[in-house]
Amino acid sequence: MIALPSSLNANLVIGIALLVMLLVVAGAIVRTRSLLAAIILFSIYSLVSAVWLVVMDAADVAFTEAVIGAGVSTIVLLGAILLTRGEVEKPGWRALVAPALVCAGVGGLLIYAAAGLPALGDPASPANAHVGRAYLEAAPKEIGAPNIVTAVLASYRGFDTLGETAVIFAAGIGVALMLGFGPHASPLPPAATIGDHHVVLRVSAKFLIPLIALFALYVQFHGDLGAGGGFQAGVIMAAAIILHALVFGLRDTMMAVPPRLVRSIAALGVLLYAGVGVACMLNGGAFLDYDYLFPPAFEKQVPGWLLGDPEHAHHWGQHFGILLIELGVLLTVAATMLTIFYGFAGRTVEAIRQERGA
Amino acid sequence: MSFILLHFNYVAVAILMMAGLFVVVSSSNLIKRMIGLAIFQTSTGLLYISLGKVSSGTAAITVDAASPEKQALANHLDPAYVAQYGVAGVVYSNPLPHVLILTAIVVGVATLAVGLAIAVRVREAFGSVEADEIEVLSRLESAQAGSQA
Amino acid sequence: MISFETLYAAAPALTAHAPVLMVAGPLIAACVAALSPTARTSWMISVTGSMFAAWMALAITGEVARHGAVDYYIGGFAPPLGIAFYIDGLGAMMALLVSSAGVMASIYSGHSLAAEVRAEKHTHVQAAFLLCQAGLLGLVSTGDAFNAFVFLEVSSIGAYALVAIGEKRDRRALPAAFNYLIMGTIGATLYVIGIGFLYAATGTLNMADLSARLATLGDSSVVQAGFAFIVVGLGIKAAMFPLHGWLPGAYSFGPSLIVIFLAATATKTSIYLMARFIFDVFPDGAAFGRNFIAWVLAPLAATAAIVCSIQATFEREIRRILAFSSVAQVGLILLGLSLATILGASAGLFYLMAHALMKMTLFMAVGGLAISLPARRLDDFAGVARDAPWSATAFAAGALSLAGAPLTLGFLAKWRLLEAALNAGQIWIAATVAIASLLTLLYVGRMLEAIFFRSAPAGAPRAVEAPVGVLAPVLVLAGLNIWFGLDASLPEQLAGAGAKALLAGAP
Amino acid sequence: MTDMLSLIGGVCVVAGTALSLIGAAGLLRFPDVYTRIHAASITDTGGASLVLLGLCLIAGLSLTALKLAFVWFSIMLTTPVAANALANAAFGSGHRPRIGAFQIMRTDERRKTSRGTEAP
Amino acid sequence: MLLAAGAAGLLVAMTITIARAIMGPSHYDRILAVNSFGTKTVLLLSVIGFVFGRPAFLDIAIIYAPINFVTTIALMKFFRYRSLAQPLGLSAGEETLDD
């Protein structure tokens, strides 16, 4: 019998403390009537779960949750309540009995199942013993990327990720169809400068924006070595542009990065991803089999220095394949996040204008 | 006691899911419902991640065998434990749930954006984001269409 | 004459990759459509993409008929590590259904969309439609449980947005779309939770591997909860009886492009996935599975067939009648499947195809009429048979088929269902089918009476015959309703192969 | 030597944490927005500096230390600016400090805020 | 050990900050709380990276500070300008919308 590490370690305690925090925040979200408070609490909820995810060793997921939940979701929600002009929920629940019964049913079933689930951290549980462990053993040999999450995401389950990119693309299309094709969608009213109270902000934003963009590129190209990847990088890139819009105004941003261009880039990203798949197929492999990304004849021509580490030289198809599809993900995600922001933020101007016209 | 501690995650996830679902089905405000839906979806992720945790494991980013980091990760553990459950001397957590949940988070934010966009259009068309008021207006519209004939 | 054989022989290299190309084709077409400059080009891309998918589906069907189920390892990784496509008789049947519905809908959209959506939005509407199609095709061909979720969401998110743009005609499309989104997302999330439990119990996501491991595992609370969550989640997506709240709104207010496509495919693909899990993935002998079919699925399906047919009889808006009828027919399909015999399953699948065909005909005919006559209520359609005889005829063909008039596909479908129920000794199911058919006659009668035998009130807006681009696919489908009624060998073969694939070991 | 540095680093981390805790206490106990901003932002930057310095000492000269410096840089850049912007916004929207030179709030208003009702 | 104590202290500080975010009373208090919470999160992320022996996860901490900043600016603009589209530095925001 192998001694398991003691069950009551720092990891477990911090994890439970964070979960209790999550429960408190979720309870407060259920209770509060102020939508704004709910949004702020939701942002905190995302943050707490991001820390919890780090404690649970899910660094990549934590990264995503932090940039998505606390960043993009909050801004989109803010845009939505600006446009719906309701900051306070109407008092009174609709009907309490039926919802409570539904929730009790789901919760009861969940807790019934929870009692049968393996203990937290059991290394021999079916979930950890079968496919998950196989990835840990196979990925370094077959893919060569140190970050196994990236290897699984981009290579073994690359088709899931293609679907995920398509989902994001679809969301961008949906938001553009709903909000972004209005009569005044892109040209915004000229900005008149009245007393400027935000010199500090403007200056520091000028510092920050290139820094954030640079970091996005680091996350992008560092993705197979450490936490990160195309998705996170895309959101961060979009955050840099959103910061520009927030500080210098949407009009200037839209002039620099036009909405039409952004919508096209989103499509191009998916196209790049699927194109890599088709290229592998044309070279004789299966769809998304990066080992066939380059034709064998071409592969022989590659100079040795490009392959770098001779031990991993035979993975270079995988390496470049992952790099390319991550680039596709980056393009689609960044462009879609911007499309969504443009949709919500651009609509605000229109809404106020309409109100004044009426 | 240790059973409770080691199953606490699942119970907490169950309560979070219930909280999210409760907001979705009971609230009348469309925006609040989307927030509830987001909580419901996020909590699914917590379930998966809990399943993939391995005791004393570390994130599934391989550590160089020669690096000091590796020594630090392994030296306080039972060597037999590391030998059985580790890969190349380090115990890693299961990467598969992480991959799945990355996808699920993306799906979640996509749904959130589309749902909020529809909610905004609902406000523009009906002048309200309260489901009951919209329902009354819709009913009225259907009834009017019927009585004109 | 270009036969299926020449097409099959023409591109052996392509057909080797047909399973994945069937999904990737529309996906790539969606990107190209979004990039295309005008509404016209995006429509042409949409038609091309859909046709390409249909061609691939045909190739797969041929392959499955000759050599049995098709496997495709994406990325060259064998399951359970990689994602594998697995298409057997059932999958091939569904793929053919979805892709041919896609072709019909995209051809039809060339004219119908212009009346319903502003021209500058067309490129993105077509892109969303193609994504929706790619999602459903991925869903029916994948052999990976989580991958199925991803594709479910690809198709759903496109569909939510497409239903919502029906607002240009009627603002009630927006709350309907919102409701659809909430219900659909809850359904998908419950499905993910269920998959999570199965993953906790087995450590795998591949359906074949899941099935093998579940068989050795026996009953446990985790597996049972997984089963419950998967079935309820997919039940919402499939508009199973008490969970069908989203359907009438979405079907009655969406633009016709998406409504005809959804009516033919959306609930069906979820039924497909549910059947896959109930019969294929979960072990045959699992007590909770059998109990579920006997005590929950069959009674609910029977209730749906009767209650929703009655509801349809009392509805005033024509699309709502059709929508409630859809919920009722989903009940009949599930009744067939719940017999859990080869005969029953093949009757259920036959009904599934028949229903897709007739509902598509009906919604298309109504949509064609609505181009010139922006009306919803049945009374507004009084006497359109005189103004638009072709559309009305097509509608009549679909409606008669729905009611089960002899010499139509619907008749055969109902007959088979009755036969299978009697054969399995389930008299009450046979009785339910009979009662539901009678109720169907009532609302079909109401619709036909209004369209054919009533005259339009003086001064009411008159309909104009739909343009040829719209009329052609409608008439083709209407013709198929009759043709298959006379010679049903094709759908019969498909359904038979599907049922055999589903119930490999059953009597 | 490294042990010594780690110890000093650990002490720095604890000290920084204590500062954060004090700030949090101020955030909870102080009477109005401005004093709370004061408590939170000053202790946050101070606490962060100490904690990150401590971690730097533990990490030694490495890429990690560089990253920590980067974290410190971005916190120092953003937290004060955000606090400034926040105070600016609060003042602009009509919130008046309850103590100090700007105290021009009427008594009934003060009662309302102290009861904890949500400001418009 | 000292690091673990630090992490625990930060957790307590975060809990207190959450209390402020829940209590309000004004929305500015909530924004302040979320901002301060973000800073503490960054610190906690850095510290637990060391506690668990994987300082590589500092990347998350690095990006979180700017993201927190973006969110705070967005929240602030929400109150001051009632619009995410206005450039900063214009007073109240109302009149600037006219052409």
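Read from first to last, the chains carry the letters A, B, C, D and E; within each, the first residue is number 1.
By definition in this document, a contact is a pair of C-beta atoms (placed from the backbone, for glycine too) under 8 Å apart; a residue touches a chain by one contact, two chains touch by 3 or more.
Please read these numbers as outputs of a predicted model, since none were measured by experiment.
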Any chain in contact with chain A as well as chain B: C, E
Set of chains whose contacts include both chain C and chain A: B
Pair of chains ranked first by number of touching C-beta pairs: A-B
Per Cα centroids, the chain farthest from chain E: C
Distance between chain centroids, defined by C-alpha means - chain A, chain E (Å): 18
Length of the line joining the C-alpha centres of chain D and chain E, rounded to whole Å: 11
Chain centre separation in whole Å, for chain D relative to chain C (CA means): 57
Residues of chain B whose C-beta touches two or more other chains: 17, 21, 30, 51, 58-59, 61, 96-97, 100, 103, 107, 110-111, 114, 117-119, 121, 131
Multi-partner residues of chain A (each touching 2 or more other chains): 11, 34, 59, 79, 106, 110, 113, 115, 117, 125, 127-128, 131-132, 135, 157, 160, 163-164, 167, 170-171, 174-175, 178, 197-198, 201, 208, 211, 226-227, 344
Chain C, residues touching no fewer than two other chains: 146, 150, 153, 157, 160-161, 164, 193, 199-200, 205
Chain-chain contacts as defined at top: A-B, A-C, A-D, A-E, B-C, B-E, D-E
In the complex with chain C, residue positions of chain B that touch it: 17, 21, 24, 30, 33, 37, 40-41, 44, 47-48, 51, 96-97, 100, 103-104, 107, 110-111, 114-115, 117-119, 121-122, 125-126, 131, 134-135, 138, 141-142, 145-146, 149
Chain E - residues contacting chain A, complex: 4, 7, 11, 14-15, 18, 21-22, 24, 27, 30-31, 33-34, 37-38, 41, 44-45, 48-49, 51-52, 54, 56-57, 59-60, 62-64, 66-71, 73-75, 77-78, 82-91, 95-99
Sites on chain E touched by chain B in the complex: 52-54, 56-57
Of chain B, residues touching chain A in the complex: 2-3, 5-23, 25-32, 34-36, 38-39, 42, 45-46, 49-62, 77-78, 80-81, 84-85, 87-88, 91-103, 105-107, 109-114, 116-121, 123-124, 129-132
Complex contact set, residues of chain A against chain E: 10-11, 14, 17-18, 21, 24-25, 28, 32, 34, 36-37, 40-41, 43-44, 47-48, 50-51, 54-55, 59, 62-63, 66-67, 70-71, 74-75, 78-79, 82, 188-199, 201-202, 208, 211-212, 215, 219, 222, 226-228, 232, 236, 239, 242-243, 245-252, 341, 344-346, 348-349, 352-353, 356
